[in-house]
Amino acid sequence: MKKPFGRLVALAGVVAAIVVATAAGATAHSNKASSIKSGGTLNVGWEQSFGFTDNMDPTGEYLGDAFGILDNLLVRTLVGYTHNADGPGNAIVADIATTVPKPTNGGLTYTFKIKQGVKFSPPVNRQVTSADFVTALEREANPKDGAQYAFYYKPIKGWDAYAAGKAKSISGIKTPDASTIVFTLTTPTGDFLKRLAMPAAGPMPVEVTKCFEGQPGKYTADLISTAGYMIKGIDEVDISSCANIKPAAGYDGQTILDVVRNPNYVKSTDPTRKNYVDEVKFMVNASNVDIYNKIESGQLDMATSSIPPAVLKKYATSSSKKQYFHQNSGDRTWYITMNLTQAPFDDIHVRRAMNYIVDKDALRQGWGGPTVGDIANHLVPDALFGGQLKSYNPYKTPGNHGSAALAMKAMKGSKYSTGNSGMCDAAACKNVLLVSDTRGVDPGMVATLQQDAKKIGITFKVRQINGAYPTIQTPSKNVPISERPGWGKDYADALTFFLPLFDGRTIIANGNTNYSLVGVTPAQCKTLKIGGNCTGVPSVDTQLDKCSVQIDPARTTCYENLDKYLMTNVVPWVPWMWSKVTRITSSNVTHYQFDQFATTPAYAMISVK
Amino acid sequence: MLLYLARRLLWTILVVLVVMFVTFLVFFKLPNGDPALRFAGKSPTTASLAEIHKRLHLDKPFYVEYGYFVKNFAVGDDQGWPGLGYSYGNYVSVRSEILERAPRTLFLVAGAATLWLIFGVAIGVLSAVKRRTWIDRVAMGFALFGISAPVFWLGLMSLFVVWKKLGLTGGSGYVPLSDGIGAWFSHMILPWTVLALLYIAIYARLTRNNLLETLGEDYIRTARAKGLSERTVIFKHGLRASLSPIATIFGLDIALLVGGAIITESVFNIQGLGWLAFNGAITQDLPSVLGVVICTATAVAVMNLVVDVVYAFLDPRVRYA
Amino acid sequence: MAGVGGSSLLEVRDLSVRFRTRDGVVQAVSNLSFTLERGETLGVVGESGSGKSVTSLAIMGLLNRNFADITGEILFEGRDLLKLSPAELRKVRGKDVSMIFQDPFACLHPMYRVGSQIAEAVRAHSDVSKSVAQARAVELLDAVGIPNAAVRARDYPHQFSGGMRQRAMIAMALVHNPAVLIADEPTTALDVTVQAQIVELIDKVKRDFNVGVMLITHDLGVVAETASHVLVMYGGRAMEYGPSYEIFHAAQHPYAWGLLESMPRVDRKLDVLIPIEGSPPSLLNPPPGCPFNPRCKYRFDACDKQSPKLVQLPGGHLDSCFLSTERKQAEWRDKVSEEISQ
Amino acid sequence: MTAAPTTVGGVAPQTVTRSGFELFWLRFKEDRAALLGAGTIGVLIVIAIFGGPIASAVTGHPNTEQYQQIMQDSFGLPKGPTSAFWFGSDGEARDLFVRTMYGARTSLIVGVVASGIAVLIGLVVGMIAGFYRGIVDTILSRTGDVMLAMPQLLISIGIVAACSSNKNGCVIAGPIAIQPGLALVIAVIVIFSWPYIARLVRGFTLSIREKEFVEASRSLGASDTRIIFREILPNLSGPIIVYTTLLIPQSILFEAALSYLGLGVPPDTASWGGLLNDAQRYYDTAWWLMFFPGLFLVITTLAFNLLGDGLRDALDVRAER
C-alpha cells in the first residue's frame, strides 16, 4: 500500500469512527486480494440512455449513476473519496490537492496546493493548474452552461455577482500561482469540502470548454479526463480550433460510453483509484430482464438497472449465486409526501395518523421484500447520522404493519374527526386526490395505501401519471398526497436532504422539491397560486440556517434534532423505506467494490478475469 | 400526370405539416410538466428554469416554436438537413437518435412485412381456392384469431413459451447484426412473427375476399373457357388483378409501422423509432416525438407515391389514363 | 350432317342443373334436351334467368361441380362431357368447344394485352412458341376485321372499343378451329350499329369454319336472321324447340307468343309492342306446375298441378303446354300472328 | 342482366318475397360461428354485470384487497393458482380471478360506449357528408387523409398524459371536462374511430341516395329530413349494426393497449390491459398473470369479430368503394 494512502486512511478514521457502525444491515463484500488482477474489459449494462439530467456533462450532471462514472474514471477533484463502501467511502481525502486543508479565518477561507504530475488526458496533454478549477467553477456559475447544483457554491464570495453577469470573475476564488487556489466564503459552510468533491468542481481545460459555452451537455463527448481513463477516441479529436472539434468515438450519448486507459495518468499522484481494468464499456439496453440474462451468461458484468424480482430472488437465495450478489446502503429515503396546505393533511393529527396507519412492511413487500431495503422510521437515512437515530421510531407499530388503534388515537382532536371516533369522517377525507406514478411498483403501493387509509376513513381519488414528479413538483397543482417520492443524498451530509426538501424559501412554481410545502407563507401561496390552507404552516427555516454553518460533530447532532422535530412537530411525510443498492455481477468479476459517495459500483476498484 | 403528381406532392406536404402541427399542439407544454425540469437538476431555481426556457424556446408561444421547428426542418440546423433539433431528454441531436434507432425498426418492419406478405397472400389464396372446405375454415379461423389477439399478449406469451420455457430463440432485446447474424436472427424471429401475425390475418382475409371477387369476374370465365389450367387461371389471371388493392395497403401499413410499432418494440425491447417516440411522449420530449412523427408521416407520403407508381405498373388502365 | 360415328356434333339429353346456395336449392335448368350439328345455328331464346347461360356454361364445363348438381348427358361427338375428368374437359374447352360472352368489356383481362390473351389461348392447346402464337393471334384479329391488327394486338382491352373487343373475343374463340361455338348474348352490350356487324361476323365464321353455333340471345330478330333451329326456354325448361321456320310461323307455346309479341321489329310501330306481364319466376324452390303458369294468359287448372312434358308436334317441333293443339292453333292464327304481322 | 350467374353459380333470387329480417334470420341462424360469438357475448355481458361481485362473494376476496402474506413470497413475487385463488395472484397480491371478472366490466363498457359514441358521431357526419356533399364532404375526406397519417397511439398517449396531470381533467369548455380514467380513454378512442365510421356511412349514403326509391321519394316532393329519416337511415341500419359490432373489439383492444402501456384506466380499476401491464414485469415467472386476462381479452374480441362477420354475411353488407 502506498504511503499517502495510509496517511489518508488514518485521517479518514475520525469520520469513519462515527460512521462505521452504520454498516450493519449492509453486507460489505469481503475482498479477496489474491483474485485481483489488472487488465480486461468491464462491461456494464445501462437501462437508460446517458441523458440522465445533463448528458453527463460534469457541470450539469446530477445523478448518482453518472457521478459514479465521472468520479471513478474521468474526473479528479481537489478533494475526493476513497471509492469504498459505507463510512470510509463518505470520508473526504485529498486527490489533486496535496492535503485536505483546514479552514482558516473562522471557517471562511480554504487554501489548496495542487500536486505536480496531474495532467489532462490527450489531446490537451498538460499539467492541471489552479486556473483550470476556476474555469470549471465559472462554468458552473454561468447559468447558460446548464449547471444543476450551482446553489452549493453560493457561499463563495462574488458567486452571485458573477452568475448575474455583474462581475468578470468570481472574487472569492483566487489563484496566486499555478499550483495554489484560495476560496473565500461569505458564511461558514460545514460541508464545503464535500461540495468541492462533486464532479462539477473538477478541473477543465479552458481551451476545450470555451468551445462549449452555452451548449450544456455537449462537452461530454469531448470531456477531457484527469483520472485513470478517458473516452475512447478522444486522443484523435482535433482541438486546434473549435470548429474542428468532433465528438470522440467512444461516446454517443445513446448507446455506448467506452472508456480506455488515459496515457497521461500518473498513478503515483492518485492515492485512491486502483484502475484495475483496461477498458470499461457502458452499454444501453432498456430491458432489465435482458440485461440480467446477459450478466448470468457473462456477456455483461454488472448493471445499473433495477433488478427484476425473480432475478433478485434467485441471487439472494441461491448459495452458488450469492457471491455475485452485493448490497450496500443506498443513502436514500422513500416516502409518502403529504401537502401541508391541502385538506385533510393540513391537520397534523391526520398526518400523524397516516404515519401510524400505513403498513410499511406491505409497501416494501411490493418492492421485493426485506432484501430491497430497511423500514424507514424517520427522514434521513440512519447511515448519514452514523446510526445515532437507529432506535428512534416515533410511530412504531407491530411488525411495521401499521396500527388502526394507534392511528385512531392520533386522529383524536382532529378537526376532520367528529367526537372521539378517531375516524377521519369529514367530507374533506373522501376522494382525496392521490397522484400516482405508472412505475411497476406503484399500483401495488396505491392499493396498500387505499386499503390502509380506509381504516381511518380516508379514501383516495387516484390519478396515475406516467412520470408523476413534474405534477408533484408544481405547487399550484395542489397535490394532497403522493406515493412517488424518494430522495437520495448528493454527498454524505444531511443538508442535502433538509435544504432542498424543507426550506420554505426555496419553494418555486415549477420543479419545486419541497413537495410538502414546509414553511410556505400566505404570500408565497398567493404568488405561486397555491389554493389551500396556507396560514400557520410550520416552518423550519431558522433551524436549517443554524445547522448548515456547523461543523461536525455538532453539525450531525443539529440535523438529528431537526429530523426529530420534523417527524413529531411537522410530520410532512410517511417515510417508509431506506433502500439498499443491490448489484449483481457476472462470474467474470473477481473483485467488487462499492462507492458510497456515488452509491454506485466503484468502477475504478473492480477487477475482472 | 405531372400536374397530378405535383398536386399529390403538395397535398402530402400539407398533410405532413398538419400532422406535425397536431402533434405539436398535443405535446407542447404538456400540462404534466415543464421539459426544462430535465435540465434543471434535483433542486431547480427559478432563474435556472428561466435560462433553460430561453434555450429551448419554451418561453415563446407555441406557434412561434412551431415556426422555429418548421424552419429548422426546412433549412437545417447545425446538425445539417433536415434539422430536427435536440432531444429535451438528453440534449442529443434528434437526427442522430433517429439514425441510431432507424435500422432496428427497419429490420423489424422489413422482416415482418416479408413474412406477412408471403403468408398472408398464401393463406388467402389457399382459402379462396379451397373455399368452403375445412382448409378454408381453419385458415379463416386462424385469421380471425390473428385480428383478435393483441400483440402485447402474443408477445409476452411467445417470449414465455418459446424463449423462456423452450429456449428456441433469443430473448427480448435487440442484437445488432454486427454481433453475428445468428444472434440477430434469433432475437428478431419472435418479434417478426408476432408483429406479422396480425397482418397475416388481415392480408389473408383481404386476399381471400379480393380473389373470390376477382374469380367471379367475367374475364376469369374467359380464361377458363380458353382451356387454361386452373393454376394459370388463379395465379396469372386471378391473383394479378387482386394484388392492386393489397399493394395499396401494404405500402401504407409499412409506412405507418415506421413509427408505429410501439407495442411490439416495447414488448420485445427493440428500442427502435416507435420506442423512441413512446419514450419521448411519456417524458415530454417533444423534439424526439416530432422527429419520429415526421419520419412516419414522410414514410406515409412517400409510400403513397410509391403505391401510385406500383399501381400504374400493375394496372395498365391507370398507366394509360 | 352426322358427326363421327353417326352421332350428332353436340347432343344434350335431359340436362338438369341445380345450385345449392345458402338460401336453398336453385333449379336452374330442368330436363333440357337438344342437338346441334356442324354448320347450323341453334338460337336459344328466353328472358334473363331462363337458364340459357347456365346451359351454355354446363356445356363448357364451367360450372363448379362443388356447388352445382348436373345430371343428364352432354354428348360432344358422342363423348359425354359430363363424365370427363377436369383435365380431359380442359382439353375440349377452348379447342373443340369455345365460347364468346355477353359483355366484351368485362370478358377480357384488363391487365394483359389483347394479342397476348389470344396467344395464350393458342398455347393452351398447342405446344408452339410465343412468337408463333402471337402471329396466330394477329392473323385471327385480322380475320375478324381488326384493322392494323399487328399493332392493335399490343393494345390493352381498355384501348379497344366494344365492338373491337367482341371481335377479339371471337378471334380468341376461333384459334383452334372449334367444332362448336357458343355465343352467349354476343351483341347485348354493344351499340346497335355494331350489333349487326357482330351477328354478320358470327354467321360468316359459321360458314367459313363450318362450326355449329349455339347463339344465346333474347333478341328474336337475330335468331330469325341466322338460326336454323330455335330453343325457347323459360324457368330453366324448354318451352318450345324446333326448326326456325316452324317457331316463327307456327309457334305453339303461349310464352313463345309472348316473346314474339314483345319483339321490336323495324316494320312495327313501337306503341303496339306488348310486354309480357309479370316477371320471371324465382328458381329458388320453384312451385310445381308449368313455370310460366303465373304469367300465362291461358292458364287453367292443370297448369299449377304438374309440369307439362315436351311433346313432338307435327312439323317437327316440340312444345310443352297443356293447351290442346286445336286451341293453340286457333289462338295463333286468330290473334298472335295477326298482332305480330301488323 | 348485370349479375350474370358465374362459374360458382350463385343465381340471385329474382324476387324477394321474404322480409329483410326473415332473410337475415334464416341465414344468421345457420351460421354456427356467429351464433357462438353471440352466445359468448351474452355470457360476457352477464360476467360484466354480475361476474365481479359473484367472484368476490364466492372466493371471499374483495376486488382491491391485497393478500401479500398468502399470495406473495418474501421477494414480493406473486404466487400461482391455488384452490382458494383460482387464477393465482396479480402483481399487487390481489385475487387475479376476481380482478379478471371485474375487468370484463371495464372492457365491455369501454368497447360499447366508445363504439356507440363514435358511431353516433360518424353517422351524423357521414350522412351529412354523403347526402349534402359539398364542404362537409371535402372536410371529411381531408380529415380522413390526415387521420391516416397520424400516429394514433402516440397522440393518444399525449392526450392521456396531458389530461391525467390536471386535477379537473381535460377542460373542454367551462364546466365540461373529461376526467382521467375510463371517460378519457373512451374519449380518445372516439376521437380516432369516428372518422372511420363517418367514411363508411358516407359511402353507403352516397350509394343509397342514388337509388330509385330515393329518387321516387324526391320526385314526390319529400323533404330532405324525410328522405334522411325515412329512406336513408333505415337502409343504413345493416351497415351500422355490422360496423358497430366490428368496432367494439377494436375499441376494447385500444383500451387494453393504452392500459398495457400504463396510460389507461386508474390502477385500482381492474382492466385486462392493466393486468397485462402488470404481467409484463413478471412474464418470465408468473405465466398465469398474462395467461388469464389475455385469454379473456382474446375470447371477447374473437366473439365480437365472429358476430360481426356473421352479421355482415347475413345482412349482406359490403363496403362501398
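Order of writing sets the chain letters: A, B, C and D. Residues in each chain are counted from 1.
What we mean here is this: contacts are C-beta pairs under 8 Å (C-beta built on N, C-alpha and C of every residue); 3 or more make two chains touch, one makes a residue touch a chain.
Note that this is a predicted model, so its numbers are computed, not measured.
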Result of counting contacting C-beta pairs for B-D and B-C, higher pair: B-D
Chain closest to the middle, measuring from C-alpha centroids that were averaged per chain: B
Euclidean distance of C-alpha centroids - chain B vs chain C, Å: 53
Euclidean distance of C-alpha centroids - chain B vs chain D, Å: 23
Chain centre separation (chain A, chain B; CA means) in Å: 40
Mean-CA-position distance for chain D and chain A (Å): 47
Multi-chain contact residues (two or more partners), chain B: 32-33, 218, 221, 224, 282, 284
Touching two or more other chains - residues of chain A: 289, 465-466, 470-471
Multi-partner residues of chain D (each touching 2 or more other chains): 4, 7-8, 161, 164-166, 263, 280, 284
Every chain pair in contact, whichever chains are involved: A-B, A-D, B-C, B-D, C-D
Residue ranges of chain D touching chain A (in the complex, touch as defined): 64-66, 68, 72-77, 91-94, 161, 164-167, 180, 262-263, 266-268, 274, 278, 280-282, 284-285
List of chain C residues in touch with chain B within their complex: 57, 60, 62, 66, 86, 90-95, 98-99, 101, 103, 106-111, 120-121, 124-125, 156, 158-159, 169, 172-173
Residue ranges of chain A in contact with chain B within the complex: 49-55, 60, 62, 143-144, 146-151, 214, 216-218, 252-255, 285-287, 289-290, 293, 465-467, 469-471, 473-474, 490, 499-500, 506, 508-511, 513
Chain D - residues contacting chain B, complex: 4, 6-8, 145-146, 148-155, 157-159, 161-166, 249, 253, 256-257, 260-261, 263, 276, 279-280, 283-284, 287, 290-291, 294, 297-298, 301-302, 305-306, 309
Chain D-touching residues of chain C, taken from the complex the two chains share: 19, 21-23, 26, 28, 48-49, 53-54, 57, 62-64, 67-68, 102-103, 185, 188, 279-284
